[in-house]
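Next up, some structures in structure tokens.
In what comes next, subunit A is part of two complexes: it sits with subunit B in the first one and with subunit C in the second one.
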Partner chain A sequence: MADLKIGVLSCSGEECLGGTISRLATRKMLEELRPGQTVTLCLPLYLAGGEEERFFAKAFPVITVDGCSKCCAKRATEKYSGKVSDIVDVSEILGNDVALDKTVSTKDMTSQHMEMVDKVAKVICEKFDKIAENK
Partner chain B sequence: MSKSYALLPCNGLDKCAGCISREVAIKVCENSDSEIICPVLYRVADARYNKIAQEKPLIVIDGCNTRCASRLASEKSLKIAQKINISDEAKANNIELHNSLKLNDEDFKLVNIIADNLLKEEEKVISSLDTDFPEKFEYEIYKKDKFIFRVPKEGFYFNENDCYVYVVGNRARIGVTDYVQQSLSDIMFFTPPAVGSEIEQFGEAGTIESGKAVFEVVSPVSGTVVAVNEKLLNSPELINENPYEKGWIEEIELSDFESDKELLYDFNKYFEIMKRKVDEFHV
Partner chain C sequence: MSKVKVIPCSGIGKVFGLMARESALKVTNELKPNETETVCLAHIVTGDEDSKSKIEGFPCITIDGCPKLCAAKNAELAGGIVKMQYRTVDEMRNHRGVDAGTATALTPDGWKVVDELCEKICEKVDDILKEEK
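On to the complex of A and B.
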């Protein structure tokens, strides 16, 4: 399990606050919660045709993290690399009102925003561990 | 003047530069009537953004040289008003980009510099000043196969990089010659220099890009950029139609034309050089 790599792929997040939170929660996985095991893929590069990114998403488990129910990350990943291992939808965790609120700069994130990030990151972490257990 | 751009950042998530591209777009939007195009949603559902991308001047913001945002714009056949590369901007502003995805004060300083320039630029972009520039010129023509190369007979000076200058009083228009536009073929993008910027003789004065290559416009003169040909932002093909007339690139307030002229060619000299280039290199 120590060598297992799992991709956590966030939506780009320009449409709404949910996107900002999905980016930050993904970063939290990468830097704090499961460093070394989490690999994030740059979704715009993946879509632009990055071969390494597409190979990774085909060969390794991937959790997509979407800011809202448009599920861009999930749709895009499944289009090029097949079914994803699990999905996280911020709007399901925090509700549509929060997820669809206006996007904010990372420098303007409040403590309330950061609590939301923690909450989403916790869900990603649970799904991450579940995949890891089954490998 | 209400600023109104369509902003397409790469939004890269795995590099600091990508995160900066996002912050630049957000800051410009917060301070203007601009709108952000989410690169991922645009790929998944392009109807959402097609109208914005076509109606507003499009600013493409790439984090790194993978240029994902530019590639997306190209795939969607969008006309780009300006391209920004965060990595290049960082170098130009002596800011070192790091590996962390968490942006620091220096990163936000870069965000502010780029966003502020964008917000200022729109106010400054003007089509032309009061100076009268002729609309038509007489040309000497050199033909090679199906290609026609025009060189205006009077009033123009040229540098070895196939860029011209036409002077009226203390102002000048600069642009590229027929040799450049024929070599590039269909020009798709024009990236102007910032209005108000100082340019040295032989310094970069914007870029034009076709499917074949990117061409750096090398200024034949030194001075201050006082206007850019804003029609080229939406119709860069005007350079192909006639680079000396409607396809001029920018206007410069001259700082020392008498000295600059010493390193330029007049019509007779350039025409000979151009013919030789066409015979030797042009395919």
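On to the complex of A and C.
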């Protein structure tokens, strides 16, 4: 259990705010909330990389973190790698209007944006801990 | 006139991916909003028809973090015409020893490298649009 690693894969979508939030919440898991236990992967490597990348969802339980209801990280993972253990959709947590709002650069993040990241990261943590408990 | 697609890899593990992402956001949102736009790379990866239709046959500039060239390869697979590929890791070669930041946030020096890259991208956009006329 101490060695358990869980994959957190964000869509990091470029077209809307939800994508930026998905990315920063995932970075927060890696750096602050579950460092050492969280592993991730550059999502486009499913096609641009090799077998190793496509093995990701077989090697680790995976939580995908998507910026909007298109759920690209989830669908790409299930198409190329394997079933995901759980999903987080930013639009379900923060609402469609926020998720589909204009994207922001990290240099323009406000305290409100950071609160959004925290809220999404909290949901990822809950799902993360549930998976860890059941392993 | 169709907009030039500027597509970054947004790699999540290292600073190079964030530099690619921020360069694309700066060009498409601030420097050339009328001439360029970006497309969610993860959506292209899914192979969805509606994501393909956004880039198929269109001129694209890709910005990747590393030699794996995820944005360039995925854009080409989806039928985009990749006119220029940039790699932020190459841009850093001209700034040896500089601390650009992390995959979460760039330092002021990291932003300087991004700004320089954005200038090059904007020139390339102008060239592509001239060619298209």
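Here, the second predicted complex is superposed on the first by the 132 of 135 C-alpha atoms of A that agree within 3 Å, B and C clash if a C-alpha of one lies under 4 Å from a C-alpha of the other, contacts with A are read in each partner's own complex, and residues count from 1 in each chain.
Following the convention adopted for this analysis, contacts are C-beta pairs under 8 Å (C-beta built on N, C-alpha and C of every residue); 3 or more make two chains touch, one makes a residue touch a chain.
Here the structure is a predicted model, which means the values were calculated and not measured.
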Task = Identify the partner contact of A:88: answer first if only subunit B is touched, second if only subunit C is, both if each is, neither if none is.
result = neither
Task = Considering only touches as defined above, state whether A:15 meets subunit B (first), subunit C (second), both or neither.
result = both
Inquiry  = By the touch definition above, which subunit A residues appear in both interfaces, subunit B in one complex and subunit C in the other?
reply    = 10-15, 19, 23, 26-27, 31, 40-45, 47-49, 70, 72-73, 75-76, 103, 105-107
Inquiry  = So in the complex, the part of subunit A that touches subunit C is made up of which residues?
reply    = 10-16, 19, 23-24, 26-27, 31, 40-49, 67, 70, 72-73, 75-76, 79, 102-103, 105-107
Message = Please output the residues of subunit C touching subunit A within their complex, sorted ascending.
response = 7-13, 17-18, 21-22, 24-26, 29, 38-48, 68-71, 73-74, 77, 102-106, 111
Message = Help me check something: in the complex, which residues belonging to subunit A touch subunit B?
response = 10-15, 19, 23, 26-27, 30-31, 40-45, 47-50, 70, 72-73, 75-76, 103-107
Note = Within their complex, subunit B touches subunit A through residues 9-15, 18-19, 22-23, 25-27, 30, 36-41, 43-45, 66, 68-69, 71-72, 101-103, 108
